[in-house]
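Each of the two complexes below includes subunit A, the first together with subunit B, the second together with subunit C.
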Partner chain A sequence: MDSGEANMSGASMVSAHSTNIVGDAISKIMEFKDKVFSIEQRGGIVRIKIHRDILPHIVQRLAILKGIYLRTMMASDERGLEGVYRLYYVFGVDKEHTNLVFEVALPQEDPKVPTVVDINRASDWYELEAHDMLGVEFLNRKLYRLVLPEDWPEKVHPLKKEYSVSELLKLYRPKAVEYAKEIGAENIVTIPIGPYHPALHEPEFFELYVRGEKVIDARYMGFMVHRGIEKLGENMKYDQVPFLAERICGICGFVHSTSYCQAVENALDIDVPERALFIRSIILEIERIHSHLLWVGVALHLLGYDTGFMHSWRIRERVMILAELLTGSRKTYGINVVGGVRRDIDNDKIRKAIDVLNYVREEFKKLVEISINVPQVTARLRGTGVLPLGEAIALSLVGPTARGSGLDRDVRRDYPYAAYKYVSFRVPTYSEGDNLARTLVRVDETFESIDMLYQLLDKLPSGSIRNESWSVEPYRLGIGSVEAPRGEVIHVLLTGEYSPYRWRVRAPTYQNLPAIPIMLKGIDLADAPLTIASIDPCFSCTDRAIVVDVDRNTVKSIPIEALSLKGTRAIR
Partner chain B sequence: MVKFLKIIPIAVKTGTVTIKYPYQEPLVTDSFRGAIEIDPNKCVGCGACTRICPPKALTLTTESNTMILRYFVGRCIFCGMCADTCPEKAIKITKEFELATGNIYDLYSDVEHEVKTCSICGKTFTSKKLSNKIASKVPDIPTETMDLCPDCRRKETLKKFIGVPEQ
Partner chain C sequence: MAFVETVLAIVTSMLLYIFLPPLLDGIERKIRAKIQTRYGPPTILQTWYDIIKLSSKELRIPPTLQYSIFLFILALSLSITTLYLLSYILISFDIYTLTIIIVLIISTHSLLILVSTLSSNPFSIIGVFRGLTIDIVNEMGFIASIPLYYLSIKTFDSSVKSFILLLFSILFIFIVSYVGSKRLPYDLHEAEPELASGSIIEFSGPMLALYLYLHLIDRYTIIALPITMGIGIGLAVTPFVSLFFIHVIAALVYIIFGAVAALLGRSRIDIAVKTLMLIYLLIIIAWIVVKLI
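Entry: the complex of A and B
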């Protein structure tokens, strides 16, 4: 690299100005200075371009440093720009509010890179997904399909720029079509009935290996309902994507739209009015309260205590109505746009919100007394599904799952966004790592959120709620992360001319799921459902089934509700 | 076991929380966003709403001499971006949420516009209403230019500047 010298001086400048861990990391990286092409710092991100050969060495060096974890990895097709595929490994330094982004360019004719999965276990799915979606080869590891279905055509990597969404729909011929032809059926509806039917609670499939009543090992299979949302986002305008992002999750959608907007704002240096930041925080905390109340209800239901479930959801209902009052919708609030929010909160709404918060605080306190704190419930929760701190760190876990194992990590404090820097709050952590610890983290957090909301509503500054005067500059990198009820959500975005060039979404369950087999090992079979639920899994799903019309040779997706409607008609 | 029993006074105090829908108070708050309503008198058929609509519930098509702005509530996500965008304020967000129907055609509503045809090539290009609106806002555009489709307008303008190209 010719310009190596000039860039290196920039690199030493970064390390001189940085605090400990980032500085240490950079000095470790500089051991390989022949293969470090450039280092630049902007908006809480340190971008480090490195040669692919040194990636495992770098990850190895980072593993020794404490307090650095893999947050996400984005693979991007940049053949049109520079003739390469590029991998962006995003490492977070919690204590220093900084993201280290390692950028590895892979020549298009030879997209190969050494694996890092033996050094960093959290990278496993990221590598498999990059292999599926872009055809990147990771050397020295077993590669298999993770995201794409088994009947997906070979060598078609959907995130490559040459495939449009409509082309992909034409290319994908589900096996069901062949089978329908074989049996000569005219109009076939395939209904997958089995352990991972999407209409069940969540499209998850765990294989539990048991000896007697004890679980010996567990294996997870997922990605039944991959929707290709990242690809869809590449064809939408900047202000349309928040509405798509919000539909990634049915429970914590606002975290995704916020995360997306923050990524764009970070990439393009857009100033967001303070009032908008407060409104985002208010809605995010309301969302957390309703999500935790939902979870507590489901947990009680799994324990066979349906009265507690009903009462938890009764309290939650008031929060749902409040959310509708403040945003216009019970869920998928639809008020986030790049540069701010679309709905304001007036004094009347603040008054009503405080009434609801008072009610929820009192009622939830009573509910905890009569449900979670009773001996029968604690006996089921205590000591089951234990996740040791070491494993939590090794797997780069996030959210209440991490905090239940004593890993004190919270995006609201560590990578401040929205209005969290204006309020004081505690991050509850428990060191036991069992189901009780994770439950108590959520209970405590609910009260913390209520407390935070009083502060936010009280301090709500005046001013505008939206900055509309921003313009796009293509090919800039932005990161937006939000502490969702289930853990951190992180969006990495590369701007394009009219739409995001590449938009990478990572939901908390993606990071936390690999911890479930560890929790399940050695527990009683009866505790398995609650243990699985204890990470509050969210598989980002919508229920879709496939209709195959053999005559016309078309495949279309229809909502599962439509199928059940047909059943109702048949009865009539 | 005693602790569990404390639920009884809570349940008694709470009473019934479900309401006798639809006979009691409305289910939704004042801020609620439901289906939209397009005022055909105000709509000029510019199509701004169709371009911002995230789920493409609003579409603009031309069938022979009619331009149709179609709203399919089945795809609508009730975000209200169309109402924010509409330059004519023709779109109103209603509180309507009881949209279930046995007949899918009930989910479509159309606003029809007469289209203008280009005086040279005969192609349809915009709604008459939008054209009139522009003419009233920008009075110095000559009428003959207003009657041309964008392609022919470009050609005609060029001809004025560089003359008619020799064949």
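Entry: the complex of A and C
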């Protein structure tokens, strides 16, 4: 087939059905029509296959257009299908509810592609992760390990299809045991502590360079407990994965199972019963309320206002009980399946849910009024951890972090899913970009969620809650995205025969974390914990100790075992 | 006054000073728990139980804090001497004894700060120096507030002007007492436990018990001092009546301080220093202006 004709017809078809931004994007892409292999549109997804050489030019053109941002990038090993590795760059056009998916095939013998990190800063971690997990080489940039540990064997890229999970377990043995022997500590228990836990007590590692009490610079290191969930998902059946997906997050796991199910449903064109869509939205909003109440409590605790913390969690407890009433569990509900949900809501539960919502609305209103009037709370929230709008756009930030900087972005409105199209709601945004703005976004969202829940419970339609008559068609692409309490969660999925062929998960913290060093620069050390917490980060559990001597310009890592032994000897 | 009665008054007062601070801390913890909808400690004697239990543990002293035990003992001796003089002042109030009490209180503070700075733990040091910065500002406030308060009581003549002067000086001295008690929003020495911890993190067992006890005595002393001055200078009553009023009012103020702290958040070192210096300067200037009018 003449590829040029295919290009033109594809472009005409898309342009005819596209509104301004997508149409403009397609026009710009067609400047390289010799290297654009095909353009297909299905639902809200426009798939554009391009040659790897024009990727930076395409990203450059998209950067000029306003309202397009990088939502995620999936790297996939498709050597068994077409003899290539393939990169899927997913750009979102919020205003037109459309995803532009650029597919770049890389020959297996030469998996190299020009970097786009100098054009799109949000692509930095995606490229590093693709390099770690699949060995893709990104040209003209410094590549280093992001996800894999330092002692991971060279040239073993875990997402390549030739490695099974059991083989990977044999290939990698952490050197911690040998190291413990070296320092004579093989008999002691390793306890993850410090060097410090700036917020939320998870395995984050921030180096804060301070002069006196001022933070002059900051650096983040993460991915210390990468769990290989995407790889695990490739060996599970479609209906098993939601239960794994829900365990990605300990607070808002339901967003992941929903997002996964939506990706499968999107790929296979599965119709989900309306009642199931409503139930998903109800649980998602309950999850948002308890997550925001948790965050408000933690933020107040970090500000030393423990009375506010206690009351926030007291109110949250009622929401947790409500979640248990509706799903059977306080957390990790396990009710999502591809094609619907597993548990229904009856009228008695609706009545009880409304009672809880009335209680939460009144109590939370009182708490907010009191907390905002505590002078230390306002003084330390206002003007600290400022993130300008320009940075939020450049880093493709999501959720309350973006909305606190005036970036009006919300998946519930921009890419409607579940039952959000049936309810009216406001998307709160604040332009100040400081910790107070991000706090107020969450406070307003809590009230919006309560209002939304009233509407959803009132309009809950009758009917079945699950569509079980669906079949798998392999190698179809699906995207599922959900507005989690922390921001947009997006799952990209390529279907396989019995399991997902490739399942890509992108949590909001992945997108928002690069903003923290910007927020931290120039603030007082005392405000660092709250500023880090202000994006409501989601890490998991390990730490390493490091000492930076700025005067001597030296960096020294200290294993926690050594610290422990030193301390034990010292007090003998 | 009979010798026996004098001795009895001093001994009773000393016993109250020694026993009350941990008990009041227990009450404060219960009240704070109530405000925060928690159960709190099982009994108001819990702080006493904590101190007794910690005292029964093995003595472990980190190398850089080897000599701290001696400094703690010295601080305890100074505190007990302060308590004795605070009790003695009920029998015979004079400015010299008051001066010695002030010197002793500041010396105890200095010793406790000195012990804290001996730590080699950088996270502890951050907190210690935050606490030290606040202490320096507050000690200046303490030294300035005592003469203003003393003069306000001494020259009180029921006029509006003297009433205003007394009000300013009472406000001043109780703000100083509150800040000195290291409660919220001024608990900066132990602020952000994830980033900075003060001296407490360095102590365990009997050392921690001693530190806590000294801290609680200090909290109570700096509240009781202005009340003792007020009653000692302003009211001509018997030592036992004075003693009763002092401890009842001091206990009430202590609990009010505890309840207020539960309603506040934590300040930041720069905000705290600026705010305190501004408040202290404004009160001093206002007092002088009213005095000169």
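Just so we're on the same page, the second predicted complex is superposed on the first by the 510 of 572 C-alpha atoms of A that agree within 3 Å, B and C clash if a C-alpha of one lies under 4 Å from a C-alpha of the other, contacts with A are read in each partner's own complex, and residues count from 1 in each chain.
The criterion applied here is as follows: a residue touches a chain if its C-beta (ideal position, glycine included) is under 8 Å from a C-beta of that chain, and two chains touch if they have at least 3 such contacts.
Just so it is clear, the model here is predicted, and its values are computed rather than measured.
Of the two partner chains, neither subunit B nor subunit C is touched by A:Asp355. By the touch criterion stated above, A:Ala526 is placed in contact with subunit C alone, subunit B being left untouched.
Within the superposed three-chain model, A:Glu167 lies out of touch with both subunit B and subunit C [touch as defined at top]. In the superposed model, A:Phe243 lies in contact with subunit B only, and not with subunit C.
Within the superposed three-chain model, A:Arg380 lies in touch with subunit C and out of touch with subunit B [touch as defined at top]. Look at A:Asp217: by the touch rule set out above, it reaches neither subunit B nor subunit C. Look at A:Glu317: by the touch rule set out above, it reaches subunit B but stays clear of subunit C.
Within the superposed three-chain model, A:Thr307 lies in touch with subunit B and with subunit C [touch as defined at top]. By the touch criterion defined above, A:Glu369 reaches subunit B but does not reach subunit C. Note: residues 307-308, 311, 314, 374-376 of subunit A belong to the subunit B contact set and to the subunit C contact set alike, using the contact criterion stated above.
Across the interface of their complex, subunit A is touched by residues 32, 35-38, 60-63, 123, 126, 184-185, 187-188, 191-192, 194-196, 262-271 of subunit C.
Only residues 196-199, 201, 213, 300, 302-308, 310-311, 314, 374-377, 379-380, 524-529, 567, 570-571 of subunit A touch subunit C when the two sit together in their complex. Those residues of subunit B that touch subunit A in the shared complex are 1, 3-4, 6-7, 10-11, 14, 17, 28-33, 51-52, 54-55, 77-81, 84.
Across the interface of their complex, subunit B is touched by residues 236-237, 239-240, 243-244, 247, 307-308, 311, 314, 317, 321, 324-329, 332, 334, 342-343, 366-367, 369-370, 373-376 of subunit A.
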